[in-house]
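After this come two complexes, each holding subunit A, first together with subunit B and then together with subunit C.
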Partner chain A sequence: MKRILIPLACLLALGAALYLPYMGAGRFVIVLLTQLAIMMTFAMSYNVNLGQTGLLSFGHAVYLGAGVFASLYLITGIGAGHVPLPLELVPLGGALAGFVLAAILGLVSVRRAGVVFAMISLGLAELAVAGAMLFPSVFGGERGVSTDRMVDYSLTGLGYGRPQEIYMLVLVWAVISVCAMVYLSRTPLGRLANAVRDNPQRVEYLGYAPYWIRFIQFCIAGTFAGLAGSLFALTYEIANASVLGIHMSANVLIATYLGGITYVLGPVVGALVVTLLEINLSRLTEAWLFYYGLLFIAIILFAPRGLTGILMDTPGALRRAGWGGVTKALARWLPVAVLIGIGTVILVELCYHVSNSFDPREPLTLFWTTISAQSWTPWIIGAGMLLAGLALFWLNRRTAIPRQTTGDAP
Partner chain B sequence: MSILSITGLHKNFGAAKIIQGIDLTIEQGEFHAIIGPNGAGKSTLFNLISGQFAPSAGEVTLQGRRISGLRPYQINRMGLSRSFQVSNIFAKMSVFENLRCALMWSSNVGYCFWRRASRSGDIDTRAHALMDEIGLSARGTDMAGNLSYAEQRALEVGMTIAGGAAVLLFDEPTAGMNHHEVETFAAFLRKIAQGRTVMMVEHDMNVVFSLADRISVLVYGQIIATGTPETIRANPAVREAYLGADA
Partner chain C sequence: MDTFIFVLVNGLLYGMLLFMLSSGLTLIFSLMGVLNFAHASFYMLGAYFAYQLASFGSFWLGLILAPLLVGALGAAVERFGLRVVHKHGHVAELLFTFGLAYLIEELVRLIWGRQPVPYRIPESLDFTLFTVSGIDYSAYRAFMLVIAMGMFVAVLLLLKRTRVGLMVQAALSHPDVLWAMGHNVPRLFMLVFGGGVALAGLAGVIGGNYLVTEPGMAQQMGTILFVIVVFGGLGSLLGAFLASLIIGITQTLMVTMDATLSDLIAALGGTAPDATGLFHEVWTIAPANLAPVFPYLLLVVLLIVRPRGLLGTRES
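Let's turn to the complex of A and B:
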């Protein structure tokens, strides 16, 4: 039953998502969903390295960038009539670019995992950005490279000029990629990659070379990163060397971690949350990056298995605790969360207002009240709430029942 | 017929001569135990045979083919498999997945990424059979890291025998077990060893003398005696160098 229901639900969701433009979904929703689809593909490809194979990369955006620039030139080539390729198949070109680059750089970087691999990936990322800046004729320098995706050569007859049309193309490719990567995790290679992640030495004594397993996984991750880059190029039609950079790599790392690296579909959850935060929170407050960072730290500290881990654990925890237990826990922890949360927001917003706003004397609106950053009152209230929250947290911790250890009885 | 033969094996780490000329042949189907005091070089000998280190001199041949100097995965493919003193399993994967990974190379699936693992030949059937053999059928879906110590040791042995290797090396299989567990585990090892060629390093003398067909005594990187349990027990040099210290 479960085997049929889950794919069916996925197909229905995909159908609904594809139908959205016809239901008159606004431009904002479409742009958001397009960005989400790109991020989802990119984060999933990142987790082929990190969660599946145990390769912590600080330079995954290099392969995204390879796909971006290859696709930008490919689209221009199609438009000029040099390349006989329909626009729908451009992502294959991006994937090929990502694969080739990953195959070359992978040879030198996957010999060791852990810190060695992480440092090499960081070095390669810096090298790639510096290299791209050296060749403004290819990478366009600060201004970047741009193209026009209306090439009049497509399989479906769509012109892909409107965001709604490109959204459908991006979505289909993103879903294909995510499915392919989920499938990969169930193949012998995917299982062996998990084994290499847990214990490379043992794998070597089972007849497999950990190096090759890492290398193939690394190439696959690069391929899908290149494909994601292609989707990026198709959507935005412009990019400069900053897409290769450490900022982009850090962003995908954070998204993947937030979602949960131990789950195959964790990165999809992470991409969803990060994209929504990026678009919605940034419209609400200038300090959104600060909150984003706080969320990341909170997840690392309190839920190392990510948001997916929280989602997966919640039903079981609810069943174990029962309604009484849940009410009790809420009564204990909700005030803590509210006090710390609101106190932090008040202080952060006041700080940002004082240091960043046009005129600090101007009143600001916070939680539907107009306050002045010049008076002491809001500062004292914010600090008071934060301190009270922290004190309550400490008190709760002290009076908590010692956690049961789940070890084997002697 | 000898299946594994070691000739003139030496290993130096810098100035330290750990293995100083070992000659040893293991016969097809025998259970051969290596004993010796701490620091005699037993683990180093296993690491040399299995490919963890390359020998400084001498050679090891498996079924007539030279294996010394090859990588561990190459040696494993040629038919030699080993277990470890410290449980060396995939802690965050299920027991079933652990065994399946151990079966993959011998099932000819290679580095396949276009077919599901469960659809790759009879690999699932073999994994289930193996799970029965090592007595972990009830724990198939549990994470290997959550098993009890003795269960992890059994899984370790299961992964070692999975590929159907011609020669098995067991490195202190009962290390860290209590008395009761050792007894159960020795019976388990006896069952496993049937029809297989086994070389074992072991500290527990009861286990060694009850299981081994032949015993070699390693002292300061040299084998001072090889023979049946009775001859080893009676050998005065062995008594002096090793057993004597125990008594």
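Let's turn to the complex of A and C:
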């Protein structure tokens, strides 16, 4: 069942992605889809490190940045007639930049996995950002480096001035990259990487060198991150040193983990959810980053296999529990979720309104009612709901039947 | 020479502040194997709590209560968060503290706003203690130094001379045996986590008004802390102490230097290179600009030369 459903879903998604720009979708949808395709490639490349090889990196954006800046200079070079390369092949240059940087930095960082690797990646990331700020002649300082992608030299003859055209180019490269990474995860190298993640001693005993397997995987991840950076450069045509920064790295880490690191296509789900959240939630509330963080923590605590894991487990769990079980579980947990959720939202929005808005005395609209943050009533209602929800959660946990564990992530 | 001594004393002060944070971090790491990403966030919370308490009552109220509050919060985080994710392995724990750091930063923005808050030095300590060759030394700096030294001695005594300290030392190497002997190891973990985080909170209380109390302070401090614990050798308290002082003093010294490479070449009798083209800034970067980068440079060099750090005994 799953064997048919997943490729089918992928094909449907691809079809929609191809069809949307031609059914008169607005500029907004196209910009969103382009961003999604870039994020997808980037998150997939991140998971080559985290999910497949067990390397938790806090500096993956450095390789994205290498691709971004290499491509910006490359596009300018093509435009000036110095580089004989059609615009469609610029991502190859970005990938090369990502690969070279990953190969250099990988030599010193993949000696150990786990915490030491994480710290080195963080140190290298900080070094890269601070170093980039020191060289405005290369990275453009705060203003950044910009270019113009309309270079009159392309394979297809398109000018790539319109968002639809650049979207198609980005989509093609994103699909190629995702397919390549899925394929690589199924080669003997990909399997060995999984083995290194789970038990490096044993791999060493079998005669393979974990160091070099980690190194190759790290280089692959860097290459595709550089490619994603190229797509970024082609789309936005401008970047400053902040693309190398810890925020970008944190974002891809959160997206990948939310999606589910134990599934090959988990990062795609994560990129989808995070991009949609970023755009829709940020229009809805100013405190969206807080909710985003809460979601991340909740996933780590309660669903370590991510949203894809929840998606995959649901049919089986439903079948096992039957209708009676489902209603029972809903009756048990729905009030908890509603109480905690609404209580948190009320408190967060009130807090935000008091400390960050222009005029705290102005009434705010929350859940279709207009309230004043100056009176105590909404605060008490919010806190009461949250506390009641937590109390109920505690009670439920104590009386709940031990759940059947379905092979959690190692 | 006098300036040099002042810089040295300031560097020492900064180093001690760093040590107040890194000691807890390295202790938690060696005990639980968790590198607490949110450690600097608790430092930030300490500063904000102290600011809030100072606006209610006095600075001294904050000095006593804020670290306790932060410690209690840390213990709760260990009990209801870390302990839950522990079964998913160290990467999950690291990710949890990472998410927590993210969340605490947003929480601080939510409650106290995006701008720095006016957390000030108490008036009773806001005077010049002594003046040497025209440079004032404020009483508050001396006070910070006293607190930091006092904390250092207290932690040392606690670890070496008390029963709890003995248990912590035992748990460092053989937690299972300690548990088998009937001691409550999970509770010990909770206490150490709470205690370490409370120290970070105390550093926030005395450092928040010396530096700036703003939502970005945790991230700024956080990465330097990791450099220190890795540099000193993961899990080594003495290593963390040395690394804190080395980084604190070097960074402070570097800020006062403004000679550049082209100055050096000119001094040696050469002609200064042309300041155009890509990467031409190499010739005009002063050590003062390099000060923020220096710890990371040190970290990378050290990890290539000696991956276990200054005094570390193991590599991971």
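Throughout what follows, the second predicted complex is superposed on the first by the 386 of 410 C-alpha atoms of A that agree within 3 Å, B and C clash if a C-alpha of one lies under 4 Å from a C-alpha of the other, contacts with A are read in each partner's own complex, and residues count from 1 in each chain.
Simple rule for what comes next: a contact is a pair of C-beta atoms (placed from the backbone, for glycine too) under 8 Å apart; a residue touches a chain by one contact, two chains touch by 3 or more.
Worth saying up front: this structure is predicted, and the values here are computed from it rather than measured.
Enquirer: In the superposed arrangement, which partner chain does A:W212 touch: subunit B (first), subunit C (second), both, or neither?
Expert: first
Enquirer: Please indicate which partner A:A130 is in contact with in the superposed arrangement: first for subunit B, second for subunit C, both, or neither.
Expert: second
Enquirer: Quick check for you: in the superposed arrangement, does A:R27 touch first (subunit B), second (subunit C), both or neither?
Expert: It touches nothing on subunit B or subunit C.
Enquirer: Give one of first, second, both or neither to describe whether A:G190 is in contact with subunit B, with subunit C, with both, or with none.
Expert: Touch status of A:G190: first partner only.
Enquirer: With both complexes overlaid on chain A, does A:R162 touch subunit B (first), subunit C (second), both or neither?
Expert: It touches nothing on subunit B or subunit C.
Enquirer: Contact-wise, after the overlay, does A:R143 reach subunit B, subunit C, both or neither (first, second, both, neither)?
Expert: So A:R143 meets neither subunit B nor subunit C here.
Enquirer: For A:D198, using the defined touch cut-off, is the partner it touches subunit B, subunit C, both, or neither? Pick first, second, both or neither.
Expert: first
Enquirer: Comparing subunit C with subunit B, which touches more residues belonging to subunit A?
Expert: Looking at subunit B versus subunit C, the one contacting more residues of subunit A is C.
Enquirer: Share the list of subunit A residues that count as touching for subunit B in one structure and for subunit C in the other.
Expert: Common interface on subunit A, subunit B vs subunit C: 408.
Enquirer: With touch defined as at the start, can you tell me which subunit A residues reach subunit B in the complex?
Expert: Residues of subunit A touching subunit B: 183-184, 186-192, 194-195, 197-199, 201-209, 212-213, 216, 220, 262, 408.
Enquirer: Once bound in the complex, which stretches of subunit A touch subunit C?
Expert: Going by the criterion above, the answer is residues 54, 56, 58, 108-109, 111-116, 118-120, 122-124, 126-127, 130-131, 134-138, 246, 250, 253-254, 257, 287, 289-290, 293-294, 296-297, 300-301, 304, 348, 351-352, 355-356, 408-410.
Enquirer: If we count contacts the way the header does, which residues on subunit B are in touch with subunit A in the complex?
Expert: My answer: residues 50, 71-73, 76-77, 81-82, 84, 88-93, 97-98, 100-102, 104-106, 109-118, 120, 148, 159, 162-163.
Enquirer: What residues on subunit C touch subunit A, complex-wise?
Expert: So the residues of subunit C in touch with subunit A come to 29, 33, 35, 81, 84-85, 87-92, 94-96, 98-100, 102-103, 106-107, 109-114, 219, 223, 226-227, 230, 234, 277-281, 285, 289-290, 292-293, 296-297, 299-300, 303-304, 307, 315-316.
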